[in-house]
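Let me begin by handing over the structure; questions about it come next.
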Amino acid sequence: MTSDLLTQGLELMVVGMGTVFAFLTLLVFATATMSRLIQRWQGADDDMPAPGADRAAEVAAIAAAIALHRRRR
Amino acid sequence: MTSDLLTQGLELMVVGMGTVFAFLTLLVFATATMSRLIQRWQGADDDMPAPGADRAAEVAAIAAAIALHRRRR
Amino acid sequence: MTSDLLTQGLELMVVGMGTVFAFLTLLVFATATMSRLIQRWQGADDDMPAPGADRAAEVAAIAAAIALHRRRR
Amino acid sequence: MELFGELWASSGMYQMTWGQLAMIGVCLLLLYLAIVRRFEPLLLVTIGFGGILSNIPGVEIATGNGLLHLAYVVGIESGAFPLIIFMGVGALTDFGPLLANPKTLFLGAAAQFGIFATLLGALGLSALGVFDFSVREAAAIGIIGGADGPTAIYVAGKLAPDLLGAIAVAAYSYMALVPLIQPPIMRLLTTAEERAIEMRQLRVVSRTERVLFPLLLLLLVALMLPSAAPLLGMFCFGNLMRECGVVDRLSETTQTSLINIVTIFLGLAVGSKLAAGQFLVPSTLGILLLGMVAFAIGTASGVLMGRLMNLLTREPINPLIGAAGVSAVPMASRVANRVGLEANPHNYLLMHAMGPNVAGVIGSAVAAGVMILFAGP
Amino acid sequence: MELFGELWASSGMYQMTWGQLAMIGVCLLLLYLAIVRRFEPLLLVTIGFGGILSNIPGVEIATGNGLLHLAYVVGIESGAFPLIIFMGVGALTDFGPLLANPKTLFLGAAAQFGIFATLLGALGLSALGVFDFSVREAAAIGIIGGADGPTAIYVAGKLAPDLLGAIAVAAYSYMALVPLIQPPIMRLLTTAEERAIEMRQLRVVSRTERVLFPLLLLLLVALMLPSAAPLLGMFCFGNLMRECGVVDRLSETTQTSLINIVTIFLGLAVGSKLAAGQFLVPSTLGILLLGMVAFAIGTASGVLMGRLMNLLTREPINPLIGAAGVSAVPMASRVANRVGLEANPHNYLLMHAMGPNVAGVIGSAVAAGVMILFAGP
Amino acid sequence: MELFGELWASSGMYQMTWGQLAMIGVCLLLLYLAIVRRFEPLLLVTIGFGGILSNIPGVEIATGNGLLHLAYVVGIESGAFPLIIFMGVGALTDFGPLLANPKTLFLGAAAQFGIFATLLGALGLSALGVFDFSVREAAAIGIIGGADGPTAIYVAGKLAPDLLGAIAVAAYSYMALVPLIQPPIMRLLTTAEERAIEMRQLRVVSRTERVLFPLLLLLLVALMLPSAAPLLGMFCFGNLMRECGVVDRLSETTQTSLINIVTIFLGLAVGSKLAAGQFLVPSTLGILLLGMVAFAIGTASGVLMGRLMNLLTREPINPLIGAAGVSAVPMASRVANRVGLEANPHNYLLMHAMGPNVAGVIGSAVAAGVMILFAGP
């Protein structure tokens, strides 16, 4: 019972944080892509040029880092 | 059954349009009368004089015409 | 039954007016006290000085008078 | 085609009873008083129109799944609408004058005598067999003397739902008639000298006092008379939102959209009780009669209390402000002011009358608490 | 860990049906029409978004205790939301042009022919076995021709709840498409000379007339057609609040907060009927088709009636304003005005079209009353 | 007369328990914090006052047919109030900063670690026998770490209604205490150099992006995590109304009247859960304790994630904005800004912190979806 509770808790934690990160990572990619497309079509109502490619790279790096970082815990 | 449905539909159409016209005709007369009375009492806050009589005549003419026009259908 | 109704009515009247007066008398004292304390602490955002003491006296007088006045009825 | 027959059989001309026709006439009268004479228009327009709708034969409006009946069940049977209105009234109430001169609470207390005298009267008439009011019904009728719409509706909803229509109509009609009912009584019971008395200017009241008062009142209610807590609790809540200064957006909405929306549906729901079958009964006549009496007695006892206080206190008190003790905010205060000006053109009683006036609201809510406690379920 | 399995099994990607995907597409289209093309945005945004929510698999939103389903039960099954909206529409309606020229009511009557022709059509198709609409369903579909959202929703809620989603979508979509649907029909059925006719300036209407009209209308409904009383009663109530001048705070709230709040939840609730299971059925196609027909016939009969009246009356009447008889206030009036200006640059029909336009609202409410009376429960 | 006896027996002084007295004290404290210290006044005033009403003995307010209990059943058991509030929050939210720098979503994700750590902690304490929380209860308690009132109330209503009072009080109290709780943690986990980092100015975001984002988010939720759809769906709906530009009247009402009205009744309804019997139990202590822990851990993991991202990205990122990932909009952003200014007087982080701040709202709603999915009914 006792250990059982803890196991459930651990599972929920892993799955939960996993879902949260997975979902928000997806959202980051989706949003970045959307913005890039919109800017390509409409062009130009932004101050700093957003070179989608390397931003996507950054994002990937972070995502990877997070995975690592979470495994450490 | 088939013809039955159509009969019901026809009845509903005749009765329905009949009611709509009857009701709105009544409303036309009632409104015209109300306005005429109010203008007679208060008089004068309108631009074009509204000689109730011939308006009522008009209305009657139209009502008649409608009846005709509906019978034709 | 008849007299019974009246008795109930009389009782309700006495208890009712009693409660109303008791409650509002308490509220008068409580309010007066509250205001006095607040004015003592913050002091001074009012035009006429409110010497709590004699006001309380007044209040007492009135309360007494009411009791009298109600007994008379 | 027999459909035309059905149409005729379903028409109002065919189905309408004389009672319904009469009630439609009564409601048109209420609309006239509200629109042309500007008597309590917010409630008389909504109640009056709701009443007309409720007397249209052969259609579910004030019954079954009709909108007005739903509003009645959801808002009045549950007590929600009057309580929300009371919250709004609290958010609209300025306790400043009362705090500047708390003694005026006694005037608000005295004026409630009308409530209990009427209760006694109603039971007396029942004892004489003129009417047949139970104690509960008599209590609900008495509250008309409180001259406070939501309180009357709340109590009637709890003690005598069948009389709610008549009680609400009486309450609002007489509140509307305050300018006609009160002055003669006020003149009758005061001397010209008394009416001419000018009162001391009210002191300024600090924000702290304004914020603490609703809490003080609430705690007293909690300790003394829990049965008055729903009404006075919501009233204090509205007033605290108004005065605390940190939830202005809630207070503002409560004073406008919320109270307006609820007023519309409260009025329509009350109107649903003006259906001929329920309204055109002998007891209605008794209610209108007794309500008038309650009003008169309340006004009288408020004025007499004013005279008494003027005699007992060093500080000059104009007895006219006692009449404002019946509530009917702010109409009763305006009346006191007007009658005062007749006697003395420099005599502005308006602010002084606001004290007893809001005290009257508290007083009748307390009386309502007593009624619900002793006559209640 | 099997939890990830559960997660996947509960995901939309795993559970979503093609129907739901398709409906989400349809709803995105509605949002596009509303946001980019500005077609009836108030309703198409709320209905469209509610539709998307209702097609998300595996979660209670449009079902059980989901918010949208609760809104549907509380607001539409009870009929409350459309009636409140109708009250708001009444508070937003100016009967001036109608009062200045009451004859235009005939145009509002004629345009309702679309409703009954469609009813007949729907039954015809069922007779031919193309669709299988009951009389009730046919009646509810016909009301689309009334070009009046709340009326259509109210009737559908009473006569054919299963078709409500399709009917509401059809009604609002076609109301949105009025500027595309009507002009060709109007040009087809009128000569250039007729379209160029300039009408006499409307007389000024007194406040008394404005105040009495809603009461007059209500009494006529009460006497003639009680089954139309809920809709027209609330409509008149809103209009009386607007015109009587003594309850402006209620009228103002009705025109803003109240109608806005109810619109939001009405839209979401209607959206709950766009769940794939209910919406993606053959009958929906029939409804969209018949709704379009109803609209066209209504427009046509309005215009023809306009020609007839122009022939019969000394006073010049531009037949184009007949097209406004279908309601769709105020879009239809703007359309009449635009088409009129094409034919004659000095021909401003807007105010003249408002008469038949609001008459159309009354007309379709009367038709709704007839339907509920004869096809109803 | 025995009536006076009854009166005494029914009085609060006679009936009140020590527990009720204590809870009234607690509620007065909440009112003090709200009114004098201006901590989350909108909710603490309404909850606090509702709590007082709920501890008045011998009267139906928070029970039976009492107004507060009705509000609880209608608005919170059904989940309607928190969802409507969430719609309002959506209509008040500007996603501009988030769209200008979507990476900040990772900060909003990291800060949710507090939720799950607390869940684990609660279960640990239960395993140790200190408390006795079920998995559901532990999940509901964890959500306090989301620092998002409506989300916490929504989840508690679904998973642990008995704990709702304590959870709501904890959530809003700690959101109110953000300016006291967060700074020490933020200073502890960052170097002065990091706190001094200035971030690049945010690009301008086009209207198209603003309009499409809520739809994009909704579709992702529909595909990935339907159980989060009620909360995030209403959130996106509010935001779409705000940004689409064609339903401004609906958006405006949602941001004012509607959210205000619902806030009032939500607060009162939550207050009904502060009745002594329900609130004064050991578990409440545990909840307050764990809530605080959840907050601290959430803040910490947000800040650490900020450091990590600063190391990994070419673009400078000030770790302080990570603390805003817990939501508590906009308080947490102001705190980040203030702490940033301490370290570098030219360092304005407010707008940069708004990104993670709204990301935190999304993050905790996603976490709530997971909880409801796995711990839910």
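Order of writing sets the chain letters: A, B, C, D, E and F. Residues in each chain are counted from 1.
The rule we apply is simple: a residue touches a chain if its C-beta (ideal position, glycine included) is under 8 Å from a C-beta of that chain, and two chains touch if they have at least 3 such contacts.
Predicted model only: the values in this text are computed from it and were never measured.
Among all the other chains, which ones are in touch with both subunit C and subunit D?
Common neighbours, subunit C/subunit D: F.
More C-beta pairs touching across which pair, C-F or A-F?
By the number of C-beta pairs in contact, the winner is A-F.
Counting only Cα atoms for the centres, state how far subunit A is from subunit E in Å.
Here the centre of subunit E sits 45 Å away from the centre of subunit A.
Per the centroid of Cα atoms for each chain, what is the distance between subunit C and subunit E, given in Å?
61
With chain centres taken as the means of their Cα atoms, state the distance from subunit A to subunit B in Å.
Comparing mean C-alpha positions, subunit B is 68 Å from subunit A.
Between subunit D and subunit E, what distance separates the C-alpha centroids? Give it in angstrom.
Here the centre of subunit E sits 41 Å away from the centre of subunit D.
For subunit F, which residues are shared contacts with two or more other chains?
In subunit F, 3, 7, 224-225, 256-257, 374 touch at least two other chains.
Using the touch definition from the top, which residues of subunit A touch two or more other chains?
In subunit A, 12, 15, 19 touch at least two other chains.
What chain-chain pairs meet the touch criterion?
According to the stated criterion, the contacting chain pairs are A-E, A-F, B-D, B-E, C-D, C-F, D-E, D-F, E-F.
In their complex, what parts of subunit E are in touch with subunit D?
78-80, 83, 211, 215, 218-219, 221-227, 229-230, 233-234, 237, 240-241, 244-247, 249-250, 252-254, 256-258, 373-374
Any idea which subunit A residues touch subunit E in the complex?
Residues of subunit A touching subunit E: 11-12, 14-15, 18-19.
In their shared complex, at which residues does subunit D touch subunit B?
1, 3-4, 7
Would you mind writing out the residues of subunit E in touch with subunit F in their complex?
Per the stated touch rule, the residues are 3, 6-7, 10-13, 15-16, 24, 28, 31, 34-35, 38, 41-42, 45-46, 49, 52-53, 55-61, 65-67, 70, 256-257, 260-261, 263-264, 268.
Could you pull out which subunit E residues touch subunit B in their complex?
98-99, 102-103, 105-106, 108-109, 112-113, 115-117, 119-120, 122-124, 126-127, 135, 138-139, 200-201, 203-206, 208-209, 212-213, 216-217, 220, 224-225, 308-309, 312-315, 359, 362-363, 366-367, 370-371, 374-375
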